[in-house]
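Presented sequentially are two complexes of chain A, the first with chain B as partner and the second with chain C.
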Partner chain A sequence: MATTGNKSINAKLVLLGDVGAGKSSLVLRFVKGQFVEFQESTIGAAFFSQTLAVNDATVKFEIWDTAGQERYHSLAPMYYRGAAAAIIVYDISNQASFERAKKWVQELQAQGNPNMVMALAGNKADLVDARKVTAEEAQVYAQENGLFFMETSAKTAANVNDIFFEIAKRLPRVQPAQNSSGMVLMDRPVERTAAASCCS
Partner chain B sequence: MSTTDDLPNSEPLETRFNSIALQDEEQEQPESSSRLQAQPPEEESLCRSVNGDGILEIRRVDGDGGTRNGCGWRRTNSELEMDGPSSPSSSGYAGERGTSGEDDEIVEISNDVAVMDSQLPWTPGKRHVDEDDASISWRKRKKHFFILSYSGKPIYSRYGDELKLAGFSATLQAIISFVENGGDRVKLVRAGKHQVIFLVKGPIYLVCISCTEEPYESLRGQLELIYGQMILILTKSVNRCFEKNPKFDMTPLLGGTDVVFSSLIHSFSWNPATFLHAYTCLPLAYATRQAAGAILHDVADSGVLFAILMCKHKVVSLVGAQKASLHPDDMLLLSNFITSSDSFRTSESFSPICLPRYNPMAFLYAYVHYFDVDTYLVLLTTSSDAFYHLKDCRIRIEMVLLKSNVLSEVQRSMLDGGMRVEELPGCLLPHSASPRLGQHKQSTDSLERFREPFVGIGGPAGLWHFIYRSIYLDQYVASEFSSPINSPRQQKRLYRAYRKLYASMHDIGNGSHKTQFRRDENYVLLCWVTPDFELYAAFDPLADKALAIKTCNRVCQWIKDVENEIFLLGASPFSW
Partner chain C sequence: MENSSSVTFYDFLDKMRNPSSLDLVRSIKSFIVSFSFHAANPENNGKRVQEFFSTMEAAIIDHPLWADASDEEIDRAMEGLEKYVMTKLFARTFAVSPEDAMIDQEISEKICLLQTFLRPEHLDIPAVLRNESSWLLAEKELQKINAFKTPREKLLCIMSCCRVINNLLLNASLSEDHVPGGADDFLPVLIYITIKANPPRLHSNLRFIQLYRRQEKLISEAAYYFTNLISAKSFIMDLSAKSVSMDEMEFEKSMEAARQANNSSQVEHSLALDEASMLGEHAYPATATTIETETTTSGRLNYPYMEAEPGELTVEDVERLLKLYKDVVTKYTSLCKTVRYLSMPRMGVIPPPSRGTGALSSQSEETSANASHQANSSSILEGTDFLSLEPQETSEDVHHKGEVQRSENCTKEVHKLGVDEMEAKIVKGFQQNTD
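This part shows the complex of A and B:
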């Protein structure tokens, strides 16, 4: 399936979110298939790359896993500038992290690349008993703001590959120096651009 | 120019070296204040300090005139001394000596090698978070460090939860501002066995409360490093937050950095760089280090400010752009920051960091990549969008390092270790292995052999350990620990003794000391300071003085012989 796609897309992807939401855990699960219970705080930003094959293309993600610490906030533009995609991560057992995620969405809508594919990830979905943010609430917020939403668990790996896969599918197939205007796009990206334009 | 740039073993070096050699009693030079003269053994029963300035008073404790004299030290200090316990009872701080049995007291220890060491291996991160100033255990901790703001808000505490220490923090702030209101500045308060040391850095206050009997200068130096570590993370521009809002709460800004501070504080007890203000190199063949330096030079020419290849806290090679120089303290803080955070090990990282001695106001950007578990590359730049360039640089560097086997040599050197006292050339120890360092050098024929009165554990003449610091290079080399300095506790105790020695040799207003010979029940400590180097050596407490002096000369010769393997020569930013 991977080889059927003849196109190769490089996509910069940034993860944003509150301290301890699980950004690094998501990336490590996706890139290395690993999970550690006590992941140390990221310093600055960590860089990873991972290639995914979708139906029609090979997507090479260049992933910036940013630190959620407040002191690095002002540096975030350095990492999301020029990004094709962003995953905004919150912890379903922590309401404050959801509020923080909304702030990131606002910032990206105001400052980010207007064609950016944005995903909202409600991480730690395995912590059902400690849930503070309902899936419905997040889903509604995501729809209103033109994001797609998934609940993920880096611990159980649930939806982790799926969220990256979904981003890969939604990435605009128009790459510089590639005439792909004839490509059939799925209906979702259209919906996304419409939503994004109404908000920004 | 560095004299060590001379060819090794060249004649001028020899003669220069001879001219400053320590003298034993046969070559007494009565007028020379810069030479240490060995006393006849019978006089040694009186412990005496060469340090004639009144700072340290050595008094004899044990009067039997035998070989084991217990000597205690007492500081007759020139600092501000306050009578009585100064800790207000409201704050709950107990001015009592901490838990007994830790490392700082002068206690009778058996010479048994198998001294039990109850100390657990150090684990990173903050411990005892459940404590506060009302906890007995918290009060008994031997060494506290606090960072607080000038409005009394806690920023960091080594032990306990900062939030719960707000009252205590306010007390510390009150002491500082009380003295400041009188137009003065409080540096040190003594309360029984405890010293409270204050350091004011604009709106940031740092306080150490310790009953470890370390000198004021050492503890203040440690506070300076803690402040530097904070600046490395945040830059000095954090002061502006306080200008806007004096009640600014800084703790969130330092979120997740407990591990960095706790690792720095831990390094005060094992890393001599924390008081020597020098860095150390991993021993490597000259050609290997040259190969690493050459490729680092290449990238430094392409817009990289500093390129540093390190293995744990030891430098493999380092290169600075023209005119840029890296202070050893900055290197210490940078390597502590990197090695204490596991985050750097998971992937290549790009992070803002500030080098306080280079420019405390501005961030640099650090590209960090681990080649293996211990070996990492740091590329520093002023440009925030240089990541991909630095990544390319790293790939080039990695290719060269692999091709020239630098990385495998580094790993081998880590396994082999550094200089060992047992391998001191010219000694006749039965168990001494053939030296790995300086194998090509002349062996014993040019060095006069000497006989030992007894063969103890450790090196010849009861030499247990040494540290040699080259002034010009800003580098030091420390021997590996060997029996009987085996346990972390014993090592910590030795480093504390060195620290004390260092402080007494570098006491401001009293810089005339060149040598110091000190005997107590734990060690004989010998310190020798010249314009070129400083040597700190620890011997068996029963070591013969004349032999100890000879051995020190031999150590210096050994270091000269292998200097191009143990030091980074030339090409360092310090030689600009």
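This part shows the complex of A and C:
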């Protein structure tokens, strides 16, 4: 749960996605790239923490990685229980990982915390030649399902910080209010995505 | 952050001895007493303890003894309180429901079966992460979970185990061109280690931590590792042919074989002093079956290492041999003593022929280590008052650290010596003892 106090928010963020989609590379890129004075970060193998300063608050992300293998699928609820945010990661060069991502979205919608901020990340955006999932397809899917979408690359760092900043901005500032946060800021990330995918 | 806890606890007791904290002491005592009036209901008990912690936290913050105390000092006092209360209430809170005991046994039995055939490749653990010495260290940490009485210390065992795995993963990502797999790698390794360790009363220990660890402490990284072990437990309980990379027929066959071997080894347990079982089967029920299948054809069943060449021994074998060696030496010395006493014409008291008989030896080392832990923490607190407590008796954490260090050294030593030298040492030592 995101908890507020002195304008600092603690937010549990869970990473979901198929094995090999690059969940931990994505988060490593984010955690290692941020330097916030007087704030310690944790870089473990599967648990990470990092603090981000957004306009009106500091958000401390506690990032829980989950095992992507199908055989551990049924264990996921233990990890996303109480999460304030989720990033669902797929590999743009792997159609199956996109299908898997859709399953995660459905599951979170059915069973997750209703106020959870959900982001869909099309990772490995640098692999343009091997692309199997178009940005448009994913964008349409994200729009239909009320989550925001970005194509990211842990390799080039494209959109990596942006996706975490966007989540930080969307986290509810006061616990009970703002239940429509999923739909509001739809336009901006789309522009950025387009920009990122055409330069890389 | 966590290491000065014996000092912390002493500090807490010291404050409790101060006359001005009489009201706090009264609340604590009456809470502990009130606990015995209620029927054991784990969920309710957990809630009551957590509520008590919150009430006490507020009382401590407002208390003159803690005037101007920092958040850290308050936290230290709360850690002291948790330790005191939970040690006192241990017998009434740990594994009290019969269902919990049943689940413990169910898991433990299933793990015993899995141990006989499940290998890292069945969980698709990449070769770069198969590091025997790290795994052994992680197992030892996890096995200690049942040796402690307080939720914090139990949780620390999980943390230590997970940190060993964490470091293994971080090292692998540095040295090889292995792409860091994060939880994709972490969870399978933890599951495999849990199977190898078969930590005693796993379910009850997890539940105890969940119910009684101060809620504001079961967060963040600690909560993450804790959740992973709960996942591992749940995965193991539901583990079937479908959840591992193994042919379904083969899985069922292996399970059945393990069950039968288990039954027959139980029969053997009742044939107490069979020398063969003393050396092989009894001491290591989990590995016995593999040894058996390897050796039945050549008739070396009783002494599986008799014809082994030094080069064939693995680090695990050496560890096993070292255990066996210690076991044999203990038995041999007590046997010698007994024989000496018996052959002497004087009328001394004959020492009991030391209870180093087969079945006991398998776990004696482990359990005696645990027992001393237990004794350490239980004798301090049970039935004692704040006033009679001595600081040096509460050094469990120092103990805890020492253990880690020791097992680290032990694995290091095995590596340094190499298999050959280790074997030579064992044999030499054995000869010296028999001379």
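Methods note: the second predicted complex is superposed on the first by the 155 of 200 C-alpha atoms of A that agree within 3 Å, B and C clash if a C-alpha of one lies under 4 Å from a C-alpha of the other, contacts with A are read in each partner's own complex, and residues count from 1 in each chain.
The criterion applied here is as follows: a contact is a pair of C-beta atoms (placed from the backbone, for glycine too) under 8 Å apart; a residue touches a chain by one contact, two chains touch by 3 or more.
Note that the coordinates shown come from a computational prediction; the quantities given were computed from them, not determined experimentally.
S.K.: A:Q69 in the overlay: touching chain B, chain C, both, or neither? Say first, second, both or neither.
M.R.: both
S.K.: Where does A:M78 make contact in the superposed view: on chain B (first), on chain C (second), on both, or on neither?
M.R.: both
S.K.: Using the touch definition from the top, say if A:V19 reaches chain B (first), chain C (second), both or neither.
M.R.: both
S.K.: Which partner reaches more residues of chain A, chain B or chain C?
M.R.: Greater contact footprint in residues on chain A: C.
S.K.: Using the touch definition from the top, say if A:A45 reaches chain B (first), chain C (second), both or neither.
M.R.: Both chain B and chain C are touched by A:A45.
S.K.: Shared contact residues on chain A for chain B and chain C?
M.R.: 19, 24, 28, 42, 44-47, 65, 67, 69, 71-72, 75, 78
S.K.: Which positions of chain B touch chain A when the two form their complex?
M.R.: It is residues 233-234, 252-256, 259, 337, 341-344, 346-353, 366, 384-385, 387, 391 of chain B that touch chain A.
S.K.: Within the complex, which stretch of chain A touches chain B?
M.R.: Counting only chain A, the residues touching chain B are 19, 24, 28, 40-48, 65, 67, 69-72, 75, 78.
S.K.: Write out the stretch or stretches of chain A touching chain C in their complex.
M.R.: 15, 19-20, 23-25, 27-28, 42, 44-47, 49, 62, 64-69, 71-72, 74-75, 78-79
S.K.: Which part of chain C faces chain A closely enough to touch in the complex?
M.R.: 124, 165-166, 169-170, 173, 179-188, 220-221, 224-225, 227-228, 230-231, 234-235, 238, 242-244
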